[in-house]
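Across the two complexes that follow, chain A remains constant while its partner is chain B and subsequently chain C.
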Partner chain A sequence: MITQAIMDGLINGGIIGLGAIGVTLTYSILRFANFGHGELLSWGAYVALSLSAALGAMLPSLSTPIGPFSFGWSVPIALIGSMVLTALLALTVDWLLFGRLRRSGSAIIILVMASFGAALALRNLLEFIFTSKPAYFTNALQISKPLFGGMRATPDQLLVLGLAFITVVLVHLLLTRTPAGRAMRAVSENAQLASLTGIDVRNVIRLVWVLGAALAAVAGVMSGLLVQIRPTMGLDLLLPLFAASILGGIGSVPGAMLAGLIVGLAEALTIQVIGAEWRAAVAFVILVAVLLLRPNGLFGKATA
Partner chain B sequence: MIFDLLSYGAFFLTMALSYAVICLGLNVQWGQTGLFNVGVAGFVAVGAYTSALLTTPFIVDRIGGFGLPIVIGWLGGGLVAGLLSAALGLLTLRLRSDYLAIATFGAAVMIQLVLLNLVGLTGGPFGIGFIPRPFGEFAENTDLFSFANLAVMAALVSVTYLVLEHLVRSPWGRVLRAIREDETAARGLGKNPESYRLQAFAIGGFVMGLGGAAQAHFIGFIAPDNYLPTLTFQVWTMLIIGGSGNMRGAILGGVLVWGIWAVSGNIVSQLFPASEQARASSLQIVLIGIALCVVLLVRPRGILGENATVSRHVKARRKPATGSARLSSRT
Partner chain C sequence: MSSEILKLQGLVSGYQPDLPIIQGVDLSVSEGEFLVLLGPNGAGKSTLVKTIAGLVPVHSGRVYLAGADLTDVPTHRKMRQGLGFVPQTENIFATMTIRENLQLAAQILPKARRAARIDAMLAMFPDLASRQTTRSGALSGGQRQMLACARTLIVEPQILILDEPSAGLSPKMVSEVFEQLVRINASGVTTILVEQNVKAGLQIASRGVILVEGRVAHDAPADGLLGDPVVSELYLGGHKKEEVTA
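What follows is the complex of A and B.
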């Protein structure tokens, strides 16, 4: 039983980790806690759902399942499309709201509040368009296959876990090995100094939104694939995302992923030991513990 | 007919004024001190449930039900919400400014879970009913009853307003605003920002709890669904639109936004068929969300806005025409 909880926790933790990377990047570079990040996950999932349904309707062959998985080629194609469209959504919100507030020199906390207002608008817009009824990518049922040590997992779950791992490695390489990544890290250290050395800070900000939103779309689609798609899915994930990004240390991508896995595992163990109804409490308990014991997180630097 | 209308007006105003109390609490935290509380609904819920547990009659399968007087319930509700705020403040106020926001958001999620799951204390999803109402003995005469309720709520708003206004104008309030505007300078004057912030956050939490308790006694029934994040959002919109930093703005915002909310809800329920009502009411929240963002962008000070704080000695000197020359020569 305990090995099964570990498996479930890792899979769920992978999704939390991907979302938390976006939170930690916006937090360290744009310098505010974005309460709207969860909505990017939900929008990513719903956009992918609509695209995949449209593709399936036009070309029915795309909906036939690939190999052992529950979905056809329409879902991966829709995922790519959704990453692009979700990034556009994030850029639009930044252009309409956050960018204007930044230019007018608003305090950070005003940005936080604006993100809170934007989150409510975005979430309820989803509820208006798609209603609050849960939706699914496919209606196919998957039988979980036995793995080693008595663990069981469906092919979809293993794919999600593998994909999460690959994505984190890619993002880490992007941040550490490319000029764009170096520019992002420079801006997160000190935006004014970075712009003095010729880095276009506005470009970096756009890159952060694109990266964060694309990762959120991936996480949203994964969560939709394994659980279900609801307008409140992003809101329910928001606290685990914040807990993971603070536990990992603001600004640290490997930290966010590792902390995501820790939060996921803790949730799975809680479901196993205490009961599923207290699952949402786990993230809060972790958050309080981190703030008490190690406010800079596992990999964070001390900041004012 | 005219009495019905008056009675409905009294009902509406009582509800709006209960929001005004919550809004006043938020104004102490945000308007005066700049502390961002994303868990307003949680603190309101704590106040409401505490008061309900203290005042409802005894029930076999639930803890609580002490049948105490309503006043004790209200004070108790405020006190527990205030203590909870103090605990969260202690945890986060020495850290980055938005950690408080995240922690309050988490606390609201946690409180919602406790309301739903600790059935033996909170009644679970069904909540708590039979909360005694002020002047319950007039209940047969609905008009008299609703006006008595309105009077109670209006008195609560007035007392809260006067006390908070006095606090804010006192040296204590000046320190709060000094910290909000320039923490380093305030620290240089020997004021301890952490301690003042904690006090303001706890007092604000107390007022929110008090408002939640009063509201619960006015409705007579509470359930976890009343305390979703939408409530937090409504209260924020009230404060921002009314004018944060201004106690009268907080009350005005409470009444005005509740009015807009009630009217637009009415329109939604008449325009849309029953099957589409849930969808349409989500559109209502979208519009108010956009309104909040627009106010933040266009008129961040809200309708009334904060009065500039000037020493009354300067104000007194400004009045005579000759005084202005002296003032300008100094700058």
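What follows is the complex of A and C.
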């Protein structure tokens, strides 16, 4: 059963990793911990759910499951729409709230508190629109198939794991190989020097919101596909997201994904070995341990 | 040589709205000039050049670059309009390699010109060419200043402003950096150098401006200031302060 816990941990860890990339990027560029990031996952999932339902209603053929998976083409199409709309939501919140606070030179703690407020508002709005009843992309049941070493996984789960891996590679390439990525790293190291290098810092901030929110939408949809969609799904993932982004080292994309997998594995093994009621404590313990023992994380740049 | 490239008109600026540090500076800099900006600690030299670069709020007055009013233009656009600024500290991206620093700076150029400009900088600073994949945080103080200059010159600015590039360098490195600056200026780039060491500054520059308490106290040809008994008594008295870059 340990091998099965490892499989479950990897799958959940992939979702945590995707969300943690968004946290780590916004943290390194905007320099505050955005406690509203989890809500972007929830909104991503609900927006995709609505789009997928609408698509299915208009073109029923889009709801027919694709191959071995539990969902039809309406879900991947809705995912892309949701990435765009969730990015717009993040830009709107930044424009209404964080951007104003930045311009007035507010202290970091004000931004953090504002993100708590934004999270609360966004979450309650979801509950108001969709109620707190769990929702699902499909009602189709999936049978998990045996893999090697006694592990079992559903096709959906394997797809999520593969997609998470591909997404990380793409984001990593974007950051290290493209002008936009270089500009993001420059702003993260020294925003003033970046502007002296001709970089429009405001554009980079927008790009970070778009990227972070789009990844959050992907993670939210994945979580919705494998578990369920609830207004509090993002809140429940918040602690694991922060544990992973800090363990991975703020600013490091591969670090966030690897740490996400570690947090996911630790959670799954805890459930297996100690008991399910301890799951929520795992991320917290990791978070505290990293802050005490290795505040720069596994891949963080040491701050002199 | 005579056309005006930078003009400051009644410039008042400072970090807080009610606390002007620069208290009314008028200055006209001609194309190709090598101007050294001198003055005691806290006189406002850094504040003045940072104001020109758009990093310190202007309270009143104007900044013109080649006739265009750039007072309210944000920093990144000033850099795209021919102004190059090398700050006193943290003037390179330490987590990036030498090559990445140059690629980043070249990014605002048209794609077709980027590679050629990177090569031109590597030819100009051979020390950097041999260490392109080195993380620039690992460079020595002198190499850092070279990289900071290369980062700025890569886009061929009309005017290059440097804030104390000699701070914290060994005398040998200082003369190397200064030689490089003289060469850059000779290639037609108007140069403004902020410098603590009055004598060394006046020896390489064509014109000296002495700032005291946010105002221009002296503005004269460099050799004139070098021989001026008042200036030498005030500023060449030997109480040179050593500064260390962070």
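Note that in this section the second predicted complex is superposed on the first by the 303 of 304 C-alpha atoms of A that agree within 3 Å, B and C clash if a C-alpha of one lies under 4 Å from a C-alpha of the other, contacts with A are read in each partner's own complex, and residues count from 1 in each chain.
We adopt the following convention: a contact is a pair of C-beta atoms (placed from the backbone, for glycine too) under 8 Å apart; a residue touches a chain by one contact, two chains touch by 3 or more.
As the structure is a computational prediction, the values presented were derived from the model and not from experiment.
> Based on the superposition on chain A, does the combination of chain B and chain C result in a clash or a fit?
After superposition on chain A, chain B vs chain C: fit, no clash.
> When the two structures are overlaid on chain A, which partner does A:Ala33 contact: first (chain B), second (chain C), both, or neither?
Touch partner of A:Ala33: chain B, not chain C.
> Between chain B and chain C, which makes contact with more of the residues in chain A?
B
> Looking at A:Leu291 after the superposition, I want to know if it touches chain B, chain C, both of them or none. Which is it: first, second, both, neither?
first
> Give me the angle at the C-alpha centre of chain A between the C-alpha centres of chain B and chain C, rounded to the nearest 10 degrees.
90
> With the two structures laid over each other on chain A, which partner does A:Ile2 touch: chain B (first), chain C (second), both, or neither?
A:Ile2: touches no partner chain.
> Output check: A:Asn124 vs chain B and chain C. Expected answer is one of first, second, both, neither. What do you get?
Touch status of A:Asn124: first partner only.
> In the overlaid three-chain picture, which partner chain does A:Arg185 touch, first (chain B) or second (chain C), both, or neither?
The answer is second: A:Arg185 touches chain C but not chain B.
> Given the touch rule stated above, what does A:Val112 touch, chain B (first), chain C (second), both, or neither?
First partner only.
> Of the two partner chains, chain B (first) and chain C (second), which one does A:Leu147 touch, if any: first, second, both, or neither?
A:Leu147: touches no partner chain.
> Just to confirm the value: shortest Cα separation between chain B and chain C in the superposed three-chain model, in whole Å.
Minimum over all C-alpha pairs of chain B and chain C: 11 Å.
> For chain A, which residues lie in the overlap of the chain B contacts and the chain C contacts?
none
> So in the complex, which bits of chain A are touching chain B?
Per the touch definition, chain A meets chain B at residues 32-33, 35, 97, 100-101, 104, 106-110, 112-114, 116-122, 124-125, 127-128, 131-132, 235, 238-239, 242-243, 246, 277-278, 280-281, 283-284, 287-288, 291-292, 295, 303-304.
> Could you please specify the touching residues of chain A with respect to chain C in the complex?
Counting only chain A, the residues touching chain C are 179, 182-183, 185-186, 189-190, 192-201, 301.
> Under the stated contact criterion, what part of chain C meets chain A in this complex?
53-55, 74-77, 79-80, 85, 87, 90-96, 100, 103-105, 107-108, 151-152, 155
> Looking at the complex, which residues from chain B come into contact with chain A?
34, 36, 38, 91-92, 95-99, 101-103, 105-107, 109-110, 113, 116-117, 229-230, 233, 236-237, 240, 278-280, 282-283, 285-286, 288-290, 292-293, 296-297, 300
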